């Protein structure tokens, strides 16, 4: 899922500025709810924090809240059409995708991000998530026994660990596992160490966003686009 | 519903009563003082910024339950002086403010009269009464009961705030006198907690503890000797030979058993631990209920309690810490329930 | 319906209908006290469903030989070379629990009895005095066993039959047959059991035992007990009593299980997104997935009512059924008191001076909600005091920590908003600190606070 | 194919025990800085590494600095890290370096930028050290770029790589070293050695795999003059193994500088005895002026002459 973190509240206030009278905070009910950043609870908490702030600073601001299932589908955004129109500013507690999707539907509105979108990750335990994939466009997990050196090695090394790997930790931070230690351990466990001896040529980054912003088209649904 | 008399309203009696009353038993607690609580009333929580697990948190709930439960009949200022009848139909003769009466048709009787604090000054009697720097653990307890430094910081209130403190363990236990050869089990942990409280409010204080052996009952078990030392408390293995009250300091002479040499040290505060001792009333119980006393005066556990319908709960059987007393008393209650 | 399923080793339990399963046989687990449902794979790899009222986890700790090429405690005395001295080394790397200390002392005495002509050295870091260990220690000394205390730096293995021992500047080399006491480690299967049953464990992969509410054999989950090595190496010291207690407690309560709370906590299945946050937060393992309704559900009998799940649910999907709405008060001074600590202490003090405070009893510090607190703080000059428990004496095991964390987040936010963060304070109290509470409340009312 | 254009290589081929050293370019654009350093190294060493924004701190370009030092008469080894450049930039720089007359290259992945003063910079790491070695080998030996384009005038380079005997996982590091050999590496410079026992064991493993037969191994020596520096390295430098007894020895020394030289000389003498070690690589950090002293005291001076 997409892991995000709420922006610092003072940054949100600076971003909102002084030039508005009403605000709609929109939560997103999927990934960022699970990563405890933009679900209904966070939306309500943030609304109360802002109300407290404006009340203590003698400003009269109307704040409304709503959480939809997903902000990355127009159908859900359209459910909010009236609410969005009625308010001066929309603060989206979704990943960057949600913010832009609201913008796409409401070109005349100021839509602001309430979260910093962080990465694709997995929950390790409550309140702790870890990056596992960068969406490189060409999965190599088969070659590395299910541990991605691109997402999990600080240097994205494909041919073995760097000299900074010690006691299973990455040189960047002892709390980061060395991905190559993990790959090596898996290889030993599966008795496939010899698979790691082969030279791995430089990766093709064209399929990542180095090839330009990506759009995925499933031809099955797009007969008309077939050439 | 079956009728049960519990003699003693300390934590053991109260905990037994609480479990049984919850099951609907008709309980009478016979307590010689004017309230429930027993020895535990005198102890305060030893948490500093950390919980030191003295387990006192567990007892108030129990006492509140006992006070509020309608199945529990509390008889204060009452003493037991007679027993008649047979299992399933006992009668207890009682005396309350000069008036004699009896509680009849008792299915079960639980004895939970606890222990008494006892100390022994064989190690060169220090002048506890004259010197405010020398005190029993219970006196220090009184001083540190109100501990949180919300005012101008915590002060013990002695003429001179202490820069050092010494604890002497096993006063009243492990005695050479035949009476108390046993270990009281709770004092090591108790003194350790008090030492931690002192350390918390006087971070610079030097603390030394004289011990015979460190009984690791309860909380101390999780700690072990090494970790105890890490908390900045020095441990010396012996009972001091002699203590003198001098003008500036209290002087202590001792022979370190591990090092085999004589030495002395000076301190601003000397705390003497107190042991767990059987109550004299145990002799009455032994006679009245036909129970066996051990060589020190505690009551032996009853082997066929499910037949005699007489049960013993808590420290009447020997030294126990709060947690163990609570578990033991619950266990007694369960045994009664399971016996039905 | 069984009375008890033992996971690990069976305990003799007359009059009870029990069954024992191996830890690795457990496949699935759900339910609550009085009705635990287990899916178990038997030796023929067939799956079967079991139901039981109680669970007792009784898995021994694993003994690991400390050093290769040394003898260990379960040696046969005939294995010993009668012409060599014996060196027993306890506490190497890790301080041994009392139970190992006892075994080592007994073994030392046995060896000395057999090889009375030879020296028996007993090197240790810490004597664990418990039960009769002190008299064993005394007996061993009288028999002439030589006890030497060491610290980790003072002992060096030179050869497989030689150690160098250093103390107070004196160095000596001991030669003889070396016997080391084993390390006790949690059984690796325990981890999986802790996960499947969703019970709290301590950092060492044993089942939590330091919390005062979890004595002597209770776990955070109602109806699940842990004994011996499952609990931790020190649990062996009172093993016999704990066994008896556990069986007696179970026997005394085999039917008619009552909920511990008045109001039920319910999950709105339309709002629930199955994120498992409540499952992870619940210190009592009371939450499970309700596959029929595609939502989480809270087992009523397992719930202790701490409301941690309500304050932590990111989708605001959990609520108390039939809860009466709190009347909004205009009081600027509010105190939230945990009912297990501060509120118990508050019962004991004279409330005269505090009539003008808005005092609310809460089930646990972890139940506080940011949203509600900021709603209260909207009133200028309003101040809030949250009173929770000390760590290790929180009835909801980790609730104090969660309460403290939420408070810190709130204070942090206030700082960022340039509002006075001392308007919200978290303090730890115990039920026995009524005098402290009194002093503290007075002080806080005055407006000066730490 | 024999290469005669690298003096370092010629020395090694001739069987001499080679001495390399290292210099860090200035944080600034002062050419005199380089010239001064070159001056006191001249005659004492067979090759000098120029670090490439070492520990991710911005310094003068390693190629530019190397050219300046070369003009002072030194044989230079340019370090090239893959941290800051993609394949286009890396290849172009190597072509440029060769055109300037630089003949030795040490291919590195590079320290992560979080160690330096620009932790907020974006890293590249498009190639790892193995891929970089392979790319240079293809360019030098076959005149082919990564994209397959054939050059008319290929670059000339003696190709080196780094090896860390103290990094984990041991076996995987060995595999990677073997990969570097397969990719065309001709010499290795190792991480600084303080744990000599571990290094000896590592060399044994290197010999077992025949790596010493297919490449030259130069042992890393890092003279220091303070226990504090040793502690810092132990704690903060990735992949360093500084045993406590080494720190203790420095702690107890009265004359720390003398002790530092003594320790370096002792290490040199010990590694010299190890089969397969073909030279040393001195890398005093912020104490570059000590290099001649160490070399003299280790009886490695004067340096032999090779054609």
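For clarity, chains are labelled A, B, C and D in written order, and residue numbers in each chain start from 1.
Keep this in mind: a contact is a pair of C-beta atoms (placed from the backbone, for glycine too) under 8 Å apart; a residue touches a chain by one contact, two chains touch by 3 or more.
Here the structure is a predicted model, which is why all the values come from computation and not from measurement.
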{"item": "Any chain in contact with chain A as well as chain D", "value": "none"}
{"item": "Pair sharing more residue contacts (C-beta pairs) when B-C is set against A-C", "value": "B-C"}
{"item": "Label of the chain whose CA centroid is most distant from the centroid of chain C", "value": "D"}
{"item": "Centroid distance [mean C-alpha coordinates] between chain C and chain B, Å", "value": "25"}
{"item": "Gap in Å, rounded to a whole number, between the CA centres of chain C and chain A", "value": "36"}
{"item": "Distance between the centres, which are taken as Cα means, of chain D and chain B, whole angstrom", "value": "71"}
{"item": "Chain centre separation in whole Å, for chain D relative to chain C (CA means)", "value": "53"}
{"item": "Chain contact graph, described as a line, ring, star, complete graph or other shape", "value": "line"}
{"item": "Listing of all chain pairs that touch each other, if any do", "value": "A-C, A-D, B-C"}
{"item": "Touch list for chain C against partner chain B, complex", "value": "95, 97-98, 125-130, 134, 137, 149, 168, 209-210, 212-213, 215-216, 234, 237-238, 241, 244-245, 248-249, 251-252, 340-341, 344-345, 347-348, 389-393, 428, 430-433, 435-436, 439-440, 443, 450"}
{"item": "Chain D to chain A touching residues, read off their complex", "value": "83, 87, 109-112, 114-115, 123, 125-131, 134-135, 146, 162-164, 166-169, 171-173, 175-176, 178-179, 182-183, 191, 238-239"}
{"item": "Chain A to chain D touching residues, read off their complex", "value": "154-168, 171-173, 178, 180-181, 183-185, 193, 196-197, 199-203, 205"}
{"item": "Residues of chain B defined as touching chain C within the complex", "value": "19, 23, 43-45, 47, 49-51, 53, 55-58, 60-61, 64, 145-148, 150-151, 183, 213-217, 221-222, 224-226, 258-259, 323-324, 326-328, 330-331, 333-335, 337-338"}
{"item": "Residues on chain A engaged by chain C in the complex (per definition of touch)", "value": "8-10, 13, 29-30, 33-34, 36, 39-42, 44-45, 47-49, 51-53, 55-56, 67, 123, 125-126"}
